[in-house]
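As written, the chains take the letters A, B, C, D, E and F, and residue 1 is the first residue of each chain.
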């Protein structure tokens, strides 16, 4: 499958450094303490935050800080072939790395023995759900008023269009934010999450094949993507709170 | 029972005596209902339904499988519900608990007993290959009356679903074959001798008993489920059935309008 | 399958308002605090009660009343095709509605933090096991000396013999206590449980197709069935305690 | 150990020194045994067995399945036991715990190792289709000595079972093919140097060790299982085996009588 | 399959009363408090002991003595056809009888409310793993310094070479320590564990077919095997501690 | 955090400031590595790897199965890891927890993404029958850096594995088809701004962040995984990659020597 043409135009018409269309809305749920609805290309994600509240069962409590439990979950109908409900190994790994990334920015030592529960539901999936989920979770955390050092944000870069001959890889383009076919037929994927104020890397995974130079390009591109998405996060939060703010003027 | 719930209970009881509810509705009145079919691209059929703040997304997926030995010429429906922790501080992760199982089974019976889906048309090769219809109910926001919200979302998803025949090299895609007018589930709760339809979460928490009734366009009954540990008199049951028939008609109209809109957009 | 003939005679020879043969024996087990053996047509059921005793695990305790845990379980060999041991979704739903129905008549506020455990084992199954199970459980509760406002009782009515043409239903008879073929090939089933002194409805489920008038007939018939079975329950309890009573005269 | 169990223990020990048991039996003596085969209509074979107050129902179901690759010409036996909470305040719902697993495996070995069922006659099509025999053990009332009660119920169910060939369009139903005289399991418990057969629950609770021995009509051994955390001397083991042979003969006679009665009723 | 020839020579050349080759090494792991590596014919076993430590969850604690938890586990790759990871019914039964046998010799009343956890991993399996596992566990317990009345030891005897004609068994030889084919095609297996100082029998299982006289022979043979293996256990422990002992001279 | 861990942390931090580690190694230095392939007779391939006190046994088993619908011509790899309670007082029995799942998935990606196994040669009959390669990782002794130890053991097991064709009547056994030079996983931990490779358990316990990088012989990247709740700067990531390339070369040499030794012994 030819993922990119001679002029650097991708299957869906994007340039190498273009993101898919992203829409973020904060505070969409009644019951949750903070929530976010996010569309990123064909991905549809809802995130909801409960807590800080007493961690249960008791033996999960940390006496000096809050525990951050992110739970990434795919709806059975969110993928091509129906997924059996409940966590599989992939979901559990994503939940783990997402929890670790979010924990870094939350000021957890304010809430000893508490848990902060972050629920991420993928309703519609089309490549890049872990970045979409973490990005939505961060907005939901902010919406819930959880004290954070920064609002984390995630984005991926990758490589497409290389030819592979018996393990040898030739050519290829480093591009931002892989779409569905690019994810399936591409050569490498590098999802990251950062704290945008300091550019500290909170999540980093990679698979596929990148030369060291390509890695540097991809990391740089993903960073830039993160900063663009970060602005959309802040706008979404502002949109929710602006009416309140204006009222108080 | 701690102090806050007791106060809330007293307040709800007091209002009920005056014929009032905490959100100002009449006893037989539903909250605003919105039905949005077709919102999940990856699903064969889908719908988001909101009843007041309660929000459910239902998705239909289809696969090719083997029929049950006792119904070799018939497709199969499987309904699951997850009360995911996103929707309420009281829902827990993990395998479905009793509440989720009851929800799935009541929705399932509402659909199955009225033979809403033409299962006999979902046979591909008798005794060998049939279509399996998976209905998955995802509760997104929980503010009471899950049964009605989940049934309605499931119906809207089914009526707008497309059989993915192309994916399995079985010819062109076509709409899931459905029968005319579906039964609609309406739920009432009882507390302190008041009967209120479409109970809020706050009302459910003080309710003694609950009754869900699925009625069709002619006012016939297709499924009933009593819940909670209180009881009903015969007269109360009859009163609820009559209210369910009336509310059901109105909700069915809304459902059909939302389906029509999708079908027009498609053509 | 023709379930009823022109003269209103059913497959097993019963009239529309006739129950299958029922046999109830109270106090049949050594270990349980209360127990009951019940045959209802081809159904064979044992019920046993333990408690009130401290509810475990502790977080299941209710500080103001006892928790009623009914557990409906089918033996693997009780059905045509062997059932995998352990609760399935159907058993769990029946356990839930049975627990709720029994809780209504038990004076639970006498036993805060306790559980009252009601075990219902279906050894042989032939339509109507939930009614048979609840009826046996009620006798076992009484045998265990659990204080109750009333002895609940269950019975079903249903509809058979209608013709269905593309969703349109014509004709049919409302009858009491569906047998096996009537359950499989009939048109509707309406199991209920009541507190016989007040006729309060404790359990009510229905599936199939009934007009409103048929529903009224069926509910009335099921109520009458309940009162007949209620007498058999009381006789069984009396049979067990009569020798003691006579001795004390 | 709280006070009541300690008192009970002391009492049982004291009696044992005087050669007595709490229910007046001799050390080698069994409680009354009743064997009722054929009590479950839905099962292919079944039996209720009571040893004193202990009561077990065993049921046999059969299905058609694939053979194991290493025994392509042979049927399969699967034995399960559930210690359901009906039978004892100490049994819990949920997946089988160690005790239930040990019970099922010991009963299974008693049946399998003596080749009681003619598995070679349960082949329908070599390498393709065989009969699977499911034995399910349901403990109804628990007053000690489950192993013997469960094995006896399983044997009575097997010896009166009918292969449901008609249900699978495989010709006429016929009796499950069984070999002549089955081994019988007999269990003894040891406490304070006393060895008692057919222990009561009260005796099991103070016992240090337990030994189950399955012997056939000739007095040969087919299965043994030691339990609990105490030990046996070689002499104790030999003494138990000899007692098991004697008791086994008597129990085998009872079993055969109960089977005969069923077979006569059938014809 | 002919398992033994006219001269009493077995498939692998052993005489009827010969053990397979056994190698025992104590204290092989860094993390465990006591450990043992054992090869017995083609079996390879590692055992490790943790404790006495507070038993968790709390409701498993015994207020008057330590609980002994042996956990027998087969590696997925230890058998001909890959075994699904996690305990199956066979492993759980072996864990139970092993726990009971070890509990007998451990002076458990020194450690109320504690657990002593004994992990037995079968890395390579070739008949007789329960005896190999228990023998290794005993060495690991001694290596961990757990106070014991004796060092238990296990060994099996069995019967091979009989002809079976419709349930009737003719001939056959009672032999020590069945190998793989002897286990699969033999006539009876009798694994035992004893406390070697007193010859008290701690574990005894048997399946197959033995006359009473054959049982006596087999028990006697297994006892002798236990005593041989017991010496190897003691040597292994001595080998580990000898350097320390010599140093202190 | 209780007092002992705090003291340990302070000590490790203090040493790190002086450029030292508790066992005297340099920041980029690995502990001694031993690789012993072929130690499990029942496995198709196996290896025990020790990195210092950390010890892992990996085993490869193969079976014949069906291909995935989207890769009908390709074999399948399945990687599992169990953190069995043998290896650490903190590991618990039961189904794999998050840590074991992450370990298995990271090892799996390291092998899969570099296409180390020639899966296309593991097709027996397109769309029907393929070889399934099961990699099972058994952690025996846990003293830090499981990821590197487990990947190395898995690679050594794969490179010395034999396809058991005879067992399935598929011709003669032959070596599992592998590509030339595998990527090697190297892991660094960060604490108090120090970056150390091959962290000890004591170091992992005080670490803020961890990064595993799999690089091939040319220095290209094939898999990365960041762990723990701390962060990295871009420069730190680059520094770790460079260290991983250097260490990877040395470890790859050791791996190849151990494989060669086995292959020579076989011939």
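Following the convention adopted for this analysis, contacts are C-beta pairs under 8 Å (C-beta built on N, C-alpha and C of every residue); 3 or more make two chains touch, one makes a residue touch a chain.
Please read all numbers here as calculations on a predicted model, not as lab measurements.
Touch-path distance (fewest steps) from subunit B to subunit F is 2. Contact with subunit A and subunit E alike is made by F. Look at the CA centroids: the one farthest from the centroid of subunit A belongs to D.
Farthest chain from subunit F, judged by C-alpha centroids: C. Centres computed as Cα averages put subunit B at a distance of 49 Å from subunit D. For the pair subunit B and subunit E, the distance between C-alpha centroids works out to 58 Å. If you average the CA atoms of subunit C and of subunit E, the two centres end up 52 Å from each other. Taken pairwise by the contact criterion, the protein chains form one closed cycle in which every chain touches exactly two others. Around the ring, proceeding from subunit D in the sense that reaches subunit E first, the chains are ordered D, E, F, A, B, C.
Here subunit B touches subunit C in the complex through residues 1, 98, 101-102, 104-105, 109, 112-115, 179-180, 211, 218-234, 237-238, 241, 245, going by the rule given at the top. The residues of subunit E lying in touch with subunit D in their complex are 64, 89-90, 92-93, 95-97, 99-101, 103-104, 166-167, 169, 190, 195, 199-212, 215-216, 219, 223. Residues 39-43, 46, 53, 55, 57, 59-61, 63, 80, 82, 84-89, 93, 95-96, 134, 136, 138, 140-143 of subunit F touch subunit E in their complex. Residues 29-32, 42, 44, 46-48, 50, 53, 71, 73, 75-82, 85-87, 117, 119, 121, 123-126 of subunit E are the ones touching subunit F in the complex.
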